[in-house]
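First chain A sits with chain B, and in the next complex the same chain sits with chain C.
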Partner chain A sequence: MAKVKIQVNGREVEVDEGLNLIEAARIAGVEVPHFCYHPGLGVDGNCRQCLVEIDGIPKLQIACNSFVKDGLAFRTDTERVTRMQAGVLEFLFLNHPLDCPICDQSGECLLQDYYISNGKYESRLDTDKRHKRKAVPVGPRVMLDAERCVLCSRCVRFCDKVTGTGEMRIVNRGNRAEITTYPDRPLENDYSLCTVDVCPVGALTSKDFRFRKRVWHLQSAKSLCTGCSRGCNVYMEHEGGKVYRYRPRENMHVNDFWMCDPGRLTYTPLNDERLDVAIVTGEERTLPESIEQVGTWINIAVASGQSDSVAVLVSPQSSTETLYAAKRFAKDILGGARIGGGNVRPAGVQDEILRRADANPNSKGLEMLGLSADPAAVLSAGGTVLLVIDDDPLGMNPDLAGAFGKFEHVVYLGSNENATSAKAEIALPITPHSECDGTFVNFEGRVQRFWKALTPRGDSLWSPTIMGRIAEFTGQEFGWKSVRDLWADLQKTEDAFAAIDYASLGEVGAAAGSGQPASASAE
Partner chain B sequence: MQPYAKPNLDIAGREACHVESMGHSVAFSDASMERFRHLLTRYPNKQAALLPTLWMAQQEFGWISTEVIEYVSELLELPPSHVYGVVSFYTMYYRKPMGKYHIQLCTNLSCMLMGGSTVLDALQEKLGIGLGETTADGMFSLDEVECLAACEMAPCCQMNDEYHGPLTPESVGRFVDELRARGK
Partner chain C sequence: MEIKRLTKNFGNPESWTLAAYEKTGGYQMVKKAFAMDPEAIIELVKQSGLRGRGGAGFPTGMKWGFVPKQSDKPKYLCVNADESEPGTFKDRYLLEHDPHALVEGIIISCWAVGIRYAYIYIRGEFGLPYYRIEAAVKEAYEKGYLGSNLNGKGFDLDVTVHRGAGAYICGEETGLIESLEGKKGQPRLKPPFPAVVGVFGCPTVVNNVETIQSIPWIIEHGAEEYRKAGTEKSPGTKLFSVSGHVKRPGVYEIPLGLPCKTLVHDLCGGIIDGKRQKANIVGGSSVPILTGEEADNVDLDYESLAAAGTMLGSGGMIVMDEDTCMVWALAVLLKFYAHESCGQCTPCREGTGWIRNLVYRLEAGDGKREDLDKLLSITGNMMGTTICVLADAAAMPTESFIKKFRAEFEAHVGAGRCPIRGKSAHFLAHAH
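The block that comes next holds the complex of A and B.
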């Protein structure tokens, strides 16, 4: 794209042609206060908070709807601009309740931010404020406080432009204007919680998250949603070892600025019903002694030349690293044990926006590693040891119990207590994607990273580490200390991953086959 | 400082969208449908025809009910919330049934100087209703408006599509009687 030279507050920067002044200023490191503009929803020009002074134009202009051209110079720091910003803010605040102490948006509210950066005036209102509806559910997942709304129409435009469902609307006018849904047409599309993200104030809040945590206590890690094979990029926000919410993270190659509601609520297994200690026949045990038991069984099978009596059942819910470690375990350590995965998660809803029917985050990774997705071949003949890694095959398909019964020992490596862990003779705790680094490959073959957010719970360990410790009992080892070590091997031994360098995956991932960071790859 | 006033609790429960229901579904007559189709040819897209379509609907059905909103939203392929947003923006779309004769009396500066308030008092007394109300027989609705741009006939009113003025407390009584006779 052609570049143009512009000046922001006297500083020269080079930016892409066609940008609006809010985006251009951002590149220059200058924040132009704004409510209604959102890069995913376009320009609306209704809030007037983004006024700037452009050289050669006598009146202040809205930055959102002014675009760069070569030689353009504008300022956001003149007295006229700051006075006007404070004035606009004063109007927006006229009927705004002072709810901050009880408002869930507090701490991530643009009204608060701009009042501190550009407002700081004394209230001049000496009449009553106008009251509107408070704490009304506008849909199953979203609460509305109409008094806090600044009528920016972002939520309206989200439902019009992104989901096309058109539930939200501004009705009435003047100081009676308020945001609402039509009677009997609640805000219940599958992406309704995105309205909470785009709402710059505390007018729309998430029923799931509200009042559970003050946002300034939260820490944020870059992660991925595991709800389906799209792999939407998210911020995983947590405190005290607990994940409180997912928020979509911009990735124009995958999910733009959005994520679906069901996906957003998939963080709960990271907190609840965790398997965090080793369980041997119903009793808690230390991890080393439990691993030793498994190692002994495996060693006996290997030493007696019966490694084909061992089977490994993997899952497209696992990270690429877990799958690769399992594959190496079956092929190298055991010298060719049966391995394969079950696509046991029932297919979900697929739509034209983000959601994919395949409810697994890593089906593509399984496929790229050449692992079959059919559990039948793995389970059919029975044997001595069945290693089940991740997810809950028995919970989702109780019919598998018969096939499981044909193994002498069933060992489960997982992060949650479930039907499979209950049935297994030994259950070993492994870290879910909140507690380690790793990757998933989405349905389009984009390899994407997730980052470790929390320290592993209880005795949990990274699954390749546990598999390595089991392998040690046969006198062999993987020698991987980190994801990078594992990836060095993965790149060498797996053709499908040969062109992908873990270190250069970055925040947006890379399309398999190209080896290029996303920006250079074709969509 | 003003003492803290508790918000009126009614506000918390009330629907921001309020339209009354006719209790039966509506549809344009063949003639209106013909006009509606012609209307569409004059705009770049269906959404642009919303205001005149609503106006036609109000003329045909008398007022804009939930059923009318939903009918229009189907005709124009718009979400009902959008149609409601537009209806609620303009005071000249009626969200409840109106009398056969809708009298809108100007009480702005010129009319007020020429005795508008005595005319208003006389009208209210004659009709037995207040502003924003409709007589029990459904014959009259009364509203005040800001300037009809007819100051030369102050004090004046608009009755449906007709302008009348200058009015006096006496003439307005006769006017009501005439209308009542017309409406029988």
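The block that comes next holds the complex of A and C.
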């Protein structure tokens, strides 16, 4: 795209032609306050908060609907701009309730932020405030407080432009105007919680999150949703070892600014029913003694030349690193163990927006490592040791119980207590994607990183570490101390990953095969 | 003093019927126009200097010129008959008394600009004007003035009358378009302008009734003759609808540039009971108010009124006598604007309600002295900061009322009631 030179507050910057002045100012490090403009929803021009002074135009202009051209100069720091921006904020506060102490948006509210950055006037609001509806459930997952609404219409435009469902409307005129839904048509599309994300104030809040945590206590880590094979980029927000919510993280190659509601609510297994200590025949045991028991069984199989009596059942729910470690474990440590796995989850809903029917985050990674197989085939013939890694094959498919029964020992490596962990003779706790670094490969072959958010819960360890410790009982080791170490091997030994450098994955990932954080691979 | 061009048929027996209209030469100008090159008609309108009569006064020929000549989409005309500006009732008279002149104007305008479909967006509260224009369109269809192949060379034109649902903002041209499309009536962000992206995304001309109705006269008499009335920059005649404390309120067609004094004191017979003219809103409620003295010394044309700090607007003149309380009058106006703000832009949505409440409080005698400067500061933040000019339309009168009648506002402070009317209207108690 052609570049143009512009001046923002007297500072020259080069930006892409056609950008609006809010985006252009951002590149120059200047924040132009705004409520209604959103890069994913376009320009509406109703909030009037982004007024700026453009050289050669006498009237102040809204930055969202003004676009750069070569030589354009504008200012956000003049007395007139400052006064008008404070004036617009004052209008917004006129009928805004002083709910901050009980408002969930508090701490991430644009009204608060802009009051600090662009307001700070002495209050002269001494007329009665207008009252509107509060705590209105506009849908199964979203709550509306009409008094807090600044009528920016972002939620309306989201439902019109992104989902095409059009549930939200503004009714009535003047300061009686309110956001609402149609009678008998609640806001229940699969992306309804995105309206909460785009809402710049506390008008729309998530029923799942509201009143659970003040946001300034939350810490945020870049992560991925594991609800389907899209791999929507998210912020995983947590406090005190507990994940409180996912928020979509912008990635124009994968999910733009959005994520689906079902995916957003998949964080709960990271908190609940966790397998965080080793369990041996129903009793809690220390991790070293549990690993020793597994290591002994494996060593016997290796030493007695019966590697093929061991089977490793892997899952497309696992990270690429877990899958790779399992593959190395089966092929190199054991040398000849059966390994493979596949989807055991029922297919989900697929739509034209983001959702994919394949409910696993790493089916593609499994495939690229050559580990796709029918679980029943991996298990057939039984043997000495069955290593089941991640997910809950027994819970999803109880018919597998017979095949499980043909092994002398069933060992489960997972993060949650479930039907499979209950059936296993030994269950070992491994870290889920909230507690380690790693990658998933989405359905399009985009390798994407997730970052460690929390310290591992209880005795949980990174699965390659546990597999390495088991391997030590055979006198062998992986030697990986970190994801980077593992990836150095992965790149060398797996053709499908040869071109991908872990260090270059960045925040938006890279398309497998290109090795680039490739815009070329975008749809 | 009066020049009857657009009002020439007013008062003729059954002037609204096709028979009566044809008897006075009606629809002859359609034939003349069809014999002319469309470009030549636009040029003629440009030369006439006709300016939009809805309020903004934008040159009509220039507006037509903005419509792309070549378009793969059909072009539209929207006749703005949503006359809602308080104090304005000229279009109502035109529609009631001479609806066929509007139809004739539409045909000529559409021929000139290459328009296929015309809508007459008429204010929902208008009863008689609606029935008259609806009947006129029907008659015109029956007589073959509307429909297909009107000029024998394939020019088709369909006209639809559309009734509004009661919103002032639908008189703003893009609010009108939104409403016509079946959406909530609120102005669109510009650009793009309607001439390029208008009704249903197609090139669209939006013109006021009086503007369109001027077209047949210009075709008949030419640009030079049209300019014989009015001033250099404000050519032609203009309909003023005068209301308030004058002896003979009504609609007057006068040449632009006529002294306001002549209209008020001669044509309208002066102030009732010989009282003093305290104030005059010359161009519809949105324009800054003039004191009686200022009004008596200004001429009614675009440039003179601009020099006097006000505007010609829609020509809806409201005359107030010496007994009128200016605070009360402003409260009445602001009640209207706060009610009619579409609520889209923050400064208007919140500002109109805020200044209304402050003025209500002043009117009741409960206001504070600092409220006056506060009002001026708030109106300063409202003006020029919104998509359309409704915010300005509320802010400008407020500013001018306070500046010109400040003593009267101050007299209300702490008085406990309106010192002029001796009582309070209790607006606040009835605010909704």
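As a working rule, the second predicted complex is superposed on the first by the 518 of 523 C-alpha atoms of A that agree within 3 Å, B and C clash if a C-alpha of one lies under 4 Å from a C-alpha of the other, contacts with A are read in each partner's own complex, and residues count from 1 in each chain.
Quick note on the criterion: a residue touches a chain if its C-beta (ideal position, glycine included) is under 8 Å from a C-beta of that chain, and two chains touch if they have at least 3 such contacts.
Because the structure is a prediction, the values reported are computed rather than measured.
The superposed arrangement places chain B and chain C in clashing positions on chain A. Of the two partner chains placed around the shared chain by superposition, neither chain B nor chain C is touched by A:Q491. Within the superposed three-chain model, A:T181 lies in touch with chain B and out of touch with chain C [touch as defined at top]. When both complexes are overlaid on chain A, the residue A:H131 reaches chain B alone and has no touch with chain C.
Shared-chain residue A:S482: touches no atom of chain B or chain C. Annotation for chain A, partner touching more residues between chain B and chain C: C. In the superposition on chain A, A:K59 contacts chain C only, with no contact to chain B. With both structures placed on the common chain, the touch criterion links A:E90 to chain C but leaves chain B unconnected. Of the two partner chains placed by superposition, only chain C is touched by A:D44; chain B is not. By the touch criterion defined above, A:T165 reaches chain B but does not reach chain C.
Once the two complexes are laid over each other on the shared chain, residue contacts for A:A146 go to chain B alone; chain C is not touched. With the complexes overlaid on chain A C-alpha atoms, the stretch of chain B that clashes with chain C is 43-51, out of 7-15, 43-51 or 61-69.
On chain A, the surface patch touched by chain B in one complex and by chain C in the other comprises residues 128, 169-173. For chain A in complex with chain C, the residues that touch the partner chain are 43-49, 51, 59-60, 65, 83-84, 87-88, 90-92, 94-95, 124, 127-128, 130, 150-151, 169-177.
Against chain A, the residues of chain C that register as touching in their complex are 167, 169, 184, 189, 338-347, 349-354, 357-358, 361, 374, 380-381, 384-387, 432. Looking at the complex, you find that chain B touches chain A at residues 2, 5, 7-8, 11-17, 66, 78-82, 84-85, 88-89.
Against chain B, the residues of chain A that register as touching in their complex are 126, 128, 131-136, 146, 160, 165-173, 178-183, 185.
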